[in-house]
Every structure is written in structure tokens, then in C-alpha cells.
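Read through the structures below before going on.
What follows is a pair of complexes built around chain A, which joins chain B in one and chain C in the other.
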Partner chain A sequence: MNLVRTICPYCGTGCGLLLRVVDGTAVATYPDREHPVARGHLCIKGWTAHEFIHHPDRLTSPLVKKGDSFKEISWDDAIKLAMDQLLGIAGKYGGDAVGGLSSAKCTNEENYLFQKMIRAGFHTNNVDHCARL
Partner chain B sequence: MTNSITDLAGSECIFIIGSNAAESHPIIMGEIYKAAEKGGTIIVVDPRRTAVAENAHIHLSIEPGTDIPLLAGMMRYIIDEGFYDREFVDARVDGFDDLKEFVAEWSVERAAEECRIPAAVIRNVARIYAEAAESAIVYCMGITQHACGSANVTALCDLAMLCGHVGTEHSGIYPLRGQNNVQGACDMGALPNVYPGYQDVSDHAIKAKFEGAWGRELSGSPGLTVTEMIRSAGREIRGLFIMAENPALSDPDVTHVAQSLASLDFLVVQDIFMTETAKFAHLVLPGGSFAEKTGTFTNTERRFQLVRKAVEPPGNAKDDFSILCLLGTAAGLDFSYTDPRDVMTEIARCAPAYGGVTYERLERQGLQWPCPHEEHPGTPYLHKGRFTRGKGLFVVPRHTPPQEMPDDEYPFYLSTGRMFAHYHTGTMTRRSPFLNRETEMAYAEMNPLDALGIGVGEGDTIRISTRRGSIIVAVRVTCRIASGSIFVPFHFTEARANVLTNPVLDPQAKTPEFKVCAARLEKVIDR
Partner chain C sequence: MGGIICAETVTGIETMVEETKKLVQKFLAERESDGILGLRKGDWNIIQPHVFTLPEELDALVLDPKWPFAKLAMQILRTAPKEYRLAVICRGCDERAIFELFKRNQIEENRIQIIGIPCSSEQARLCLCERPYPTKLDVGDAVPGVDPFEDAGVKELLMGDDTRRMKRWAQVLKRCIKCYGCRNSCPICVCEPCKLENEVWVRRGSIPTEILSFHLIRAFHLSDSCVACGACQEACPVGIPLQSLQLSMRRALRERYDYIPGCDPVKKSPILGDFVDEPEKDRSIPEWVNTLRE
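Let's turn to the complex of A and B:
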């Protein structure tokens, strides 16, 4: 049985949990007795943290809008399109015409890279996240 | 928060204001129950008789938006009766005369009238909080989501400093964070006015340091906040990149948010589901869930913790770290990181407060910042012996009543918030079969008297209207809520509470006033 020690994705308490992985699928969540805050407890949200991971609604490909619907595109094209458009806007109207909303659900490393990309890439401090909501 | 979650269990008095920890933060509530078992007094201030209030020793069912009158009245009484910590105030805090002058206007009787709480109860609570050996304050969005949210927080800090309830193990101030890495997103500089580690963007020396580290010229003027960016979308803001946030459901007055998002020249949304916000995007990038990532989260007690990858992202989706590396490189930046660990090394190098954080040290128990170097053990509680600025400062909290009060046309107080089975905009929890079974449908809580008044019962549907728009929801009749008020959770896309909310902001923190606006209710015959 493969148990991966990680952190609950829901609230700011940050309880430790163990994801049980079978054949590449997270099938169950267990509490972590050694975690300094949770000490083997989880709330109803923590206990069910594995349930949305493999949901069929997950997005599985970059999508570009064509008319009213979305079409799949490759990662290379998606990355190029994103930067061509955003750098184009910054070139035309100035860096402050671009903004970025980072995420309280993403990791520290991702938040760091996100604000670095916005600040250094576009010459603007228009970066924030939904802390207040 | 100033202290650690498990320290709460040792507090002699816990003053909880504007937080329904029993539903939003159940594990923290466990520590509060432990304090009660040891004989501590639990005081709850909330307009609703929430699950926390039901389990408290004293519940103050306060008139919405009158937190400052209550706290000012308490402080006035504490000063008048000499219950405050004179030694602490003299040695460690400036501005006592300003505070005294401010509370002079707030007799307990005047406070009692504004908050509709008996003066004797205010006196009693003030005395218990002040006289306990160690008292803690716990607050959440019920304090911050007001037009005077920053002033509310200031008033709480003043109260704690006045009584010397900061800087010891079981005292302190506990803001409870709603989302799992709000603390980390702030710490990492996902804010318009500071770089990682709360370093000011308009400070020349700091800007020069980051220009050196990142190899690019940087802007010295603070940027726009979320709500400001969305408001100026299509005008000042032409291009927007949104990573794993859902403002089309979470922001106030979502009808306007939708118009703003639709008017952008280019919108990129990176998320794990097709959210309400992603539907407006020109380009959608499929990101990774927590189970597909390596990295760190920082919890509400400032503890860095390791997140370990358990499974692969589905299909062609990628974890957000990998996507950001591709994007940064395409923007011409040096984003040649091979592992999130390299990013942590860079963070430790450029933000002194996290200088001693390494993945190796996080392996077992994590680390609470400040942790400036590799020998530093981390900081379980702040302000021991001295404040960061040297001496603390009493700041006068100005009271601003809610910006929209009930009137003849819209006679009810409406407030929005969270409930136990769901999380934020529900993109994850509503796809969890177990959690969705707990609460499948949007609802509004109303008092039996009010239900009788408009002729509805449990499960009937009503239309709730405000000056922004209207939604249709089922009624839950409960005495938890006072007559004259209604409560709507904001997790549900089919009945978007944020169609209703008032987009006025606190001038300092720019937090929207979700906790009070005026609404009208009608019974719905046919849907």
C-alpha cells in the first residue's frame, strides 16, 4: 500500500494527511498522527480530499476559444499564444495594462514564480490573489 | 497569526469574533474545546447563533457592523476600572493617550445601545478578557469583510495590547485564514505592494535588490488589487492572467465581474476545472491539483509544510510549477528551474524572514517563520519581549457604519459566508460526492418570525433581491439567525450569493463588505 504524506488542500489550518495511492489513483485519505497540528484528526473536508482529484470534469488539454466554444491546442501553441498576446498588450499600452491573479490554492513556489513572471516579465506590480474573499 | 494553533488549548479566555470556527476551521475548534475543558472561558461575538456560539459560555448577538463600538466600550471600561496591564502599556506601547481620548467618546452605555447588547454583559466580558492570565483573540472574515475591516482589526490589536495579551504562549491574536495557502500567497508577494517577505515595492534599495536578482528593471509603483483590476478590466487593464481563482463566483456583485471579464482583450485562466471564470477566457491552461504537486503550503500559524506529489496530472494537464516555467521562459526570463526545490532556495535567498527554510528541514514538522537562518529553530509565537517595530502603537480605529443599511425598500440585513461541507466557490467540494451529499442545494437561513411574515416554511423557495440583482433559493428556518437578518453561503453556482453583495471596499485593505448589505425577500410561487 502506497501512502503519500501531504497537506490538506482546503482551509488554512493545514492539517497533514496521507493519500492512499493504488495504480496511480488516489483512492482514500487517512489522517496523519504525527502532524503537529492535526495530530491524527481531520474534518469532513479533509477526510474526502481525494474525491475530486480524478473527477471526469478535470481539464486535460489547453483550450483556445473559437467563437463560442473551446478547441484543444498543443502546449507549445498555448504558451506562445499566451505570451504573444500579453506581451503584445504590454508593448502597446504599457506593462500596467497587464495584471495577474495568483492563487491561495497554489504552492509557495508557484506563487513566487507567478509574481516574478508578472513583475519581471511585464514591468508592473499588478499582482494579487483572493486573500480578502 | 501571532501564536500557534495548539497554544489555544492553554488559554484562560478565548474571545472569538466574526468566526464560525466550528464549521470553517473544525480542527482549530478542537483546540478551543480543549481550553474550555481546562476551565477556560469561551466568549463569542456574532450576529448569528452559529455552532461556535452555541458551544460558548457567553454569546453576544451583536448588531451587524458594530464591532468597533463594542470593542471601544470594552476598552473604555477596562481603562476606567484599571483592569489594563499598566506595566505592559508603559514599557511596550506608544499612543496610550490617543487611545484614551478615542474611547472617552464610547461609554459602555453608548456602546450597548449601538450593538444592542446589555451594558452589564459588555462589562462582564471586558473584565473576563482583561483579567484572565492569558487571553487569546480569534477572528475571521466576520471582522475583515466590512467597509471598516482594517479598523476592526486595529481595534482588536489595541484591545490585546491594552491588556498585555500578546507575546506569551497562550495569548495573542489568531486571524483564521479561509483558504489553505492564503498565508503563503501573501508571504510570497502575490500582493500589489510588496515583494516576497513583505518587502515594499516602492523602496529603492529593495527594488534594486530584486532587479539584481531577477535581471530585469522593475516598476516602483504599487499595483492594483484584485477588485480594482477587475473593475478596470477593458480600460486600464487589457490583459489578465488568472491562476486557480474564481472571481466570477467569489467577488462582490458578480454581474459586473462577468461584464468586466468579457471586456478584456485577452484573458488566460489556468485551473483544474472549467470554472465560471474560465468560461470567459480566450485561453485555458489545465493545471494540477494538490495531489499532483511538489512544493510547500504555509498554514495560518506561519508553518511552511511539504506538499508531496502522489499522482500524475490527468491527460495533458501539467502541474502549475511546470506551466509557470514554460511561461516565464517564453517571456524571456531565466526560469530554468529543474525542481520546486530550486525555487525555495531562491526564496530563502531574497526574503530574509524565510532565509533558513529548506526542504530538508521541513521533512517532519515544518517550520514557522520568521526563520532567518539555517540554525534558527523557527518562531512559534511572535512579539515575545518586543514588537517588530520596537514599541507597539495604539492606533485609533475609526468607526464607519455599514455602507448600505436596511430601509423600507430593502428591509433585511444580508450577510454571506461559508458552511461546513463546502469550500470557497465549490469547484472542488461540489465534485466530491460525499460532501455534495451533505449539502446539495443552495439555501438561505431565516428566522421563524420572518418566515411567518412572508408566509414561507422550511424548503420553500424565496427570491432575495438587493440593489445589484436577485437570486432564488430554498429557505432554512432557524433560530440561529436573528429576526431581520438573512444568511446565504456563497459556494453555490446556481444561486450566486455574490449577485447580491455590495462591492464597496475597505479603503485600506480593499476587502469587500460581504457581511452587511440590505435585501428584500419574496415568496416564489413558480420557479
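Let's turn to the complex of A and C:
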């Protein structure tokens, strides 16, 4: 048995949790009683955090919409496509024509960089994150 | 304190930890079990449950804080090969829960071994624990238990007439965010499927929960098996005193049926067993269950 300490990915509170891993598969979540934020408490999302990890519906690569369907593409292609489109729109209609939605599932530092990109790069305050939606 | 090793003093705790290490070492050397479930103080002094399998790991073994192990032990055994045997460092409530799991065919007795440790009186006070020790202690000495009915908070919740108590509980229970943490943490909550996930009883996606169909279903399902470990209450993010919800039924069982859940690995509760001798033929639930006896 292996208990892996990690942080709940669902919201910005960042509760500590322990994933029980059996043969490479996360099979259960336990609250971390020693975690300074959560102190052994979780909400229903935290308690079920192991369920999405290996879920067949989980997206594991970026998707691009072509016509009526989605197609998997690589991260490199996705980033390039997004940047080309966003820069194109911002160049033509101004920075306020674009916006960014970040995620509580990212680290503090990633979110900092993201808002920096939107604010300093596109010159707009159109930036928010999923935990406020 | 003489030669007594107890969980009260720093040296007492240290001695207990050292003695437990020696015991675990012996278990490992004699292959009495394949792993020993306990607490490990790892990198950055972070403590978490761990299954010890190597003697060199034992330096990191600690006994505190309280971390309920019974359910984890059951779950470990379920995903392990049939022949896998686990020893568990048990406080009183861990042992009681494991005994109840035996009776409900959730753990095979020959796959688990219990290393009994006592709790400190401080821990017993925090848990309002009547039996802060397992039936057999392998290290240390037992401290006396606490009478939960003497606690001011418990009195406040359980005293007075129906209407008053119902109002007070309704107030407390409406804080529930339906995280299912109480159900998930409770070592005795093992039903598959769980009634609390059945749309007939508990409506999906709505809070607060129905008190009758959520909290009281759980309370009654555990009425003859709650081992008063407090795991439910400790997992509750909104501080609902869930352990107190079980107290009246625990007391009724003890006083009328001479039965305390988990205190004996074999003797079954009046509900599970073939109990026929009603103490009071026309009334099996004593009147004082309905109010806290002064």
C-alpha cells in the first residue's frame, strides 16, 4: 500500500489529501489530518478526488473543434493555435476583445503567470478563474 | 509513577514508542504479518499512516496523533492478495471497530493482528472516551475513561424534552454540507450500496440534508455498532457533534442488554445475534433513552 500526499485539485482552498495507490491506480482518498489548511476535513469533491484520475471521460490531451466534432491535438499545436488566434483578434480589435479563464487546479505561480500574460501581454483585465464561476 | 509506562509524560510516551518499535521489529523478524500499519514521521516531520515492512523504517515510527486505522486496515486487506496478513497498531477504538468488522464479516480474523496501545487521559478527554484502551495492551498502561454524559456540551445536546432537543439538533445539523465525510470515515459504515446514496432517501444535489433521512438513517444504522471512535465527528468540516448523536443508543444497549459494541470479538449485538430475552417484554427501549437521566 502506498499513501501519496497531495493537494485537492478542485478549488483554491488547497486541502491536503492522501491518495491510496494500489498497483499504480488511485483507489481511495483520505483527508490529511496533519494538513494545516484542511486539518482532516474535506468536502464531497475532495473525498472523491481519486475518481476522476483514471476516469474514461477524463480529457488527457487538448481538443480542437473542427466542424461539429472535437479532435485531439498535441500541446505544442494547441498553444501555437491559441496564440495565433488570440494575437490575431487582439491585434485587430484590441486587447479587450480577448480574455482568459484560469483554474484553481493550477499552482499559484501558474496563475500569476497567466494573469500577467493577459494583463501585461494583451493589456486587458479580462481575467478570472474557475473557482469564482 | 514508579515503573509504570503511561502515555502521560514525555518519557512515558518515548518509552512506549521504543517498546512498540521493538514489538514491530519482532513481528517483522518472525514474519508474523506481512506489514504493520502505523504512523510514520517522514520528510519535513510530516506524519501519515504507513505500512511498515522493513526494520530500517522503524526509526520513523510514531504513535501520535490519533489517526483511526480500522477502516484503512479493512480497505488494505480488501485490495491485498488473500494470504496477505496485516498487523495494526490499535488504540481502544481501533480494536473495537475491528471486532465489529469481524462480526460483520468484513475482516477475516486470521488476516489481522492487533498491537494494543493505550491513550493518554488528555486524548480520552478530547474523545469523551469511556474506554481509552484496547482489551489487551501490548505496551504502556491504561488510563481511566471519561463519562461522556458528564460533559457540558453533551448535556446541552441531550437534555430536556423532545421538542427542545429536536430544535437544538435541527440547528446543529442544518450546518451539514453533505460531504459524506462522516460516512466515509466511520469504520462501521461499510454497506454497499449505501442508503445515503439512494435517491429514495437522500435527494441528490440538495443541501441542507433532510435530518430524518440522512443523519438519522446513519445514526440508526450504527445504533448497535458505534464504537465511539469519534472519526465521524473529527471528519466533519462544520463541527457537528456526531458522536453525541449515538450516545443514548449506546447507553440503552449497555444498560438494558449488557452490550458494548466492540468490547468483545465474538459476542454479537442484540440485533445481529439471536437474542430472545427482552429485558422488559413490552418495552425494549427504556424510557430514559428519550431524555437524559439526571
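Definition applied: the second predicted complex is superposed on the first by the 105 of 133 C-alpha atoms of A that agree within 3 Å, B and C clash if a C-alpha of one lies under 4 Å from a C-alpha of the other, contacts with A are read in each partner's own complex, and residues count from 1 in each chain.
Here is the rule we go by: contacts are C-beta pairs under 8 Å (C-beta built on N, C-alpha and C of every residue); 3 or more make two chains touch, one makes a residue touch a chain.
Only a predicted model underlies this, so the values are computations on that prediction, with no experimental measurement involved.
Which of chain B and chain C touches more residues of chain A is settled by the count: it is B. Shared-chain residue A:G95: touches chain B; no touch with chain C. When the shared chain is aligned, chain B comes close enough to touch A:T107, but chain C does not.
In the superposed model, A:R5 makes contact with both chain B and chain C.
Legend: residue contacts after superposition of the two complexes on their common chain; A:G40 is shown touching chain C, with no touch to chain B. In the superposed model, A:Q115 makes contact with chain B only, not with chain C.
In the superposed model, A:A26 lies in contact with chain B only, and not with chain C.
Once both structures are placed on chain A, chain A residues 5, 34, 41-44, 46 are touched by chain B and, in the other complex, by chain C. The residues of chain A lying in touch with chain B in their complex are 4-16, 19, 21, 24-26, 34, 36-38, 41-46, 48-55, 57-65, 70, 75, 78-83, 85-87, 89-90, 93, 95-133. The touching residues of chain C, when paired with chain A in their complex, are 35, 46-51, 65, 67, 72, 75-76, 79-80, 177-181, 184-185, 234-237.
By the touch criterion given at the top, residues 1, 3, 5, 18, 20, 22, 27-28, 30-34, 40-44, 46-47 of chain A touch chain C in their complex.
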